[in-house]
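Each structure below is given as structure tokens.
Each of the two complexes below includes subunit A, the first together with subunit B, the second together with subunit C.
Now for the complex of A and B:
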């Protein structure tokens, strides 16, 4: 019976002219939309690789004119930029492992049924309430000040742990759909909760761990506001904050160039474009890996049932 | 709102016991019950509490103490005396001052208007794009387009702000150059109150439309293919199928997103506005969050800043709670 209703292969159905017209229009609209997402990035890349003359004359579109690496040479020789990048890598190096451990050991108990954790309901409300209400910017700043984190790298790491509540939900939902028989067998064999978490759950949770690792790393790379308010000295600020500062101040880069040989191959626009592109580069590089996981992750986390 | 997870193991083992003969099933059931009781008694609970210590401590300090710190909105706060020290209590003075501030109502209006536009278009645009993507028969083309349109979601507003300031510049930006060829005079996208809100909403769509399609595409993929076959047999073309099968199939997700977006009506997008605005466009683009930052941190009027923030938090609490309530009550939504 079911075979009777099987759809024939699409190629054997003769498409109507209206259908073909729609299909062409649809392709055009979607491809133009996709191009719109890429064109600004390509333009910035082209500007960063062009000579200052054509850039000032607005002749650079999507392809560099008067190709030169000078802007990038200036960026990699710029101690402020490099220091900011170092701060960014340091914060990611500290925050990602800490956040992962933090999230996993919190998600595990919360994924348990009430028979294993009688006070589960209370804990869940404790975390859930932070999704409903927050103290807001000023009191949060005062707490970071009161705990002595201002102008230390920990100001960018520890308060950020509170952002992990979303990832916790992701992980605990993943834990919950693992087969119960595995952990029950482990309990019967005498394993405790730590053993079950690290020997049974985690080896099975690579996809969700990969997802939250990448999410956390990208969030920390992009985060700029905490660097701006918690760091009083520019040398403590991460790259995103540094980029924001140079974009806002409109200072002439040529005044700050030590390497005199670069001056005629560089102007504000090309130097800025190069810095923007370098800051975006890590995201563009991890993006293909990110993409393998995030669709699944976001669906698990946001809408279920 | 927060429900207990259903125990899978109990329902599963019950079914298994019923399959065999009566006697052996009773024996098996007793054995199963024994085993479960043993497991329950044997696995100590305290390691679970130990695991929760770091999170409870961090969330208490960095999420709950700021809530307690909101009392500074009722004080004449001095940093030197500290958050937990003796401060002068001034009652509702900050709030009275706030509601008399000439720009507060304007900022509220801006916030609501910008957030409303973002929510409305942020729901419609991804829905339309998802439906269009669904009509692509070539999976390769579909995947490439998806990959490209998700990308802006992962770039921060600092970077996108830098790009936008460059390409939208009225004197040297590529956008105005192209508009110039079409005979449209230079538009001050970021420097004119007539255009700033338009720029905010359209660049937000540019950043997040692609990402927004994920949920709709997942919902569309979950629709039973038999429904399309039945519709085809009944003579429905692709458009009718979209109208009568696809959209009813995902209406649940649309309703859920709509209800949950209620909680965002005071979030006009701090990161975006802060990286794109300038004093010239405060009239149309200043929002609650940017006002809190300028008043509270830049001008160091901590109490007033906290009062504005508290106003927003309280209104948001009501809205978010109602949206979660509606979503759990009527749309079968569950968070934890």
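Now for the complex of A and C:
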């Protein structure tokens, strides 16, 4: 694509009014799209930095009114929030390296041509089917229960290894577009498969590794359902499950409990906004550093090189 | 490749078929263990030796504790242990209603039910059919007199918990929510008006609140009567003034048959009244696209003059406005009706939740004994309900009692007691304020004596004091001001299939009629037809079959 643009003289691009119109429209659409994503986040930030009064009166838009750090002081001093955050970090620390390892060693043999691995098609279908069908909630729960993972951090890590099929296909396709000659040269020099994978393939695969690292980390950071189902007690639940619990709507509890403290708690918009923002912070911080690998990293299907 | 594909899909399908087989675990069907402990017949007699009891826990987030306490070990678990000889445990704990339902469904499917737990009516019916719940008729014999009185006030709860003449579930009595009209008192004062008592006055006040700049800011930014497109629950009392009942699964008797509330002729008249107000502009022109949340935001922002609220509305959202605008003040009044009488408040007393015991649990009466302890402490042990900590914050401790048995009448009694105390200027023992209501009483007293007139004391005063919302609830109790749902059985199959669609239909047509998208005069029959076609006819037949057996 880059070559295509370079071949055209810059003056000709400027000369075409249609092109300018397209460019303007393009920018407007993209800026609107970006604003659509950004504005809610800025609103949450503004709410979290405002005093509760103006928030309840719905006067806070994109700029804080009655600026205060008190919601953040509360969050930082809230042991439940910090413990849940600790669980989430532990989860990521365990799940991301494990997921990467298993994804890569699965993708490597499946990236070989059929003459080297005759049952390759069967394996790929086997994995692919898990993207279409799942065992369902109850069987999954029973497996986790029977294997003794319930209420341990491993219940959030090991079953999640099966979520990696899509990432595995990304890696597989990336491996396939690497030049064959590199691999053949390594074989000639006496390297085995492990050596080829770790010394030749992986150093060349930084874009796709960065991409699936981000995918995996975001998935694990955001997933709340397994925390709710597999963790019996709140002290073992990750941050996403904790946030989910505090975001219960007023509607949900009004029928069963009519007490004031809970209604006040649920209407404490500033505290909730602060927690949402702190919870989103790690992803916001990591994203820009990994994002530049995306374009190269995502190679699906027939687009090769 | 094709054969391979067939092979693999075949294998996958086989696995799918086999899944239900794996899913029927059977921990609980190992045969009922015998009773090894004994207890006496008194309502709170202890077990000898102590028994252990498991339950499925719903623990709300941000629960208060005494120093050093936890969900596992707190003043309530110690009370159960010391007084009843009951050692409580919970296999898991849920922090949201959604999580509780999910975990309970898993426990049911995998055969890991706790000894005692609470269930929704639908799950309750399934568990009874599958024979997984213990009969509670013998257990009921342990119920204290206070507990029996609660059930007697609301016989519907007993009927709903009974299947084939056997009691399987005990429910808390649901009460009225005080669905009435809230009016901005400070706006009435500013315009020299009185709170509306007839339909004509109601319309007049709505006009004045919309067009006469009641907030005095020189801008046309006020809404006379605030409604939302969600057909808010509290608005039910407005409709019932005309004889319409747009309420989920609400039925009225007419000529020996049950008819659905939302298609009554009175519904049409109530919609005409709203339509006329919409044309005038005295209801929010944008109401159709607003939800209840947006309406509450408008109220908290001081844009709304009247709206349909609840007895607890001063505690939310009116307190938010009071905090922002200390001059704001509200008054609760009955919705007027064309007959001149206050509109009756529709009442659905069918329970939302049952307490049950697992079929092979040998001590089902422990449920009743725990309820008795709760009722006894309510009268005698205030420190088990609320305490004030060193920083002056209120600790709400009563949520730590897993099995509660309560009556909304507490609020009405509390209002009477507080109104005895307010003229005296302090709360004395002879005023009879129940310990569980002491916090609200103290707040109301702070406002009454002028010691603290900020939002929270104001809100409690508005609920409990003379002229507050509780007085309206009590008046209705004494003067037959309620209209009960004529149907109080379990939701039937047809309702479970079509109920959501019917509720959506009623809400959709309510907006269309009021905004004029459909004509109340010429399209009314289309609305009735749509109701019948979407499943209304089927549900009506089902409900009337139930009615004939009553």
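As a convention for this text, the second predicted complex is superposed on the first by the 241 of 305 C-alpha atoms of A that agree within 3 Å, B and C clash if a C-alpha of one lies under 4 Å from a C-alpha of the other, contacts with A are read in each partner's own complex, and residues count from 1 in each chain.
One rule holds for everything that comes next: a residue touches a chain if its C-beta (ideal position, glycine included) is under 8 Å from a C-beta of that chain, and two chains touch if they have at least 3 such contacts.
Here the structure is a predicted model, which is why all the values come from computation and not from measurement.
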Partner chain(s) touched by A:157 [first = subunit B, second = subunit C, both, neither]: neither
Subunit B versus subunit C as contact partner of A:208, first or second or both or neither: neither
Partner chain(s) touched by A:54 [first = subunit B, second = subunit C, both, neither]: second
First, second, both or neither for A:274, with subunit B first and subunit C second: neither
Which superposed partner A:233 touches (first subunit B, second subunit C, both, neither): second
First (subunit B), second (subunit C), both or neither touched by A:290: first
Which partner reaches more residues of subunit A (counting touched residues only), subunit B or subunit C: B
Which superposed partner A:121 touches (first subunit B, second subunit C, both, neither): both
Touching partner for A:38 - first (subunit B), second (subunit C), both, neither: first
Which of subunit B and subunit C A:85 touches, first, second, both or neither: neither
Intersection of subunit A interface sets (partners subunit B, subunit C): 56, 58, 121, 125-126, 133, 135-139, 141-142, 145, 229, 244
Complex contact set, residues of subunit C against subunit A: 1, 4-5, 8-9, 12, 15-16, 19, 22-23, 25, 59-62, 64, 91-99, 102-103, 106, 109-110, 297-298, 300-302, 312, 315-317, 320-321, 323-324, 352-353, 394, 396, 399
Residue ranges of subunit A touching subunit C (in the complex, touch as defined): 52-54, 56-59, 80, 121-122, 125-126, 129, 133, 135-139, 141-142, 145, 228-229, 232-234, 244-246, 248, 250, 252-253, 255-265, 267
Touch list for subunit B against partner subunit A, complex: 1-2, 4-5, 7-9, 12, 35, 38-40, 42-45, 47-49, 51-52, 54-56, 58-59, 61-70, 72, 79, 82-84, 129, 132-133, 135-137, 141, 144-145, 147-152, 154-156, 158-159, 161-167, 172, 174, 177, 206, 209-210, 214-215, 218-219, 226, 228-230, 232-233, 237-238, 253, 256-257, 270-271, 274-275, 289, 292-293, 296-297, 302, 305-306, 309-310, 312-313, 316-317, 320-321, 324, 332-336
Residues of subunit A defined as touching subunit B within the complex: 5-7, 10, 16, 19, 22-23, 26-27, 29-31, 33-38, 40-41, 43-44, 47, 56, 58, 61, 102, 105-106, 108-121, 123-128, 130-147, 158-159, 161-162, 165, 168-169, 172, 176, 180-181, 184, 187-188, 192-194, 197, 218, 221-225, 229, 240-241, 243-244, 247, 269, 272-273, 276, 279-280, 283-284, 287, 290-291, 294-295, 298-299, 302-305
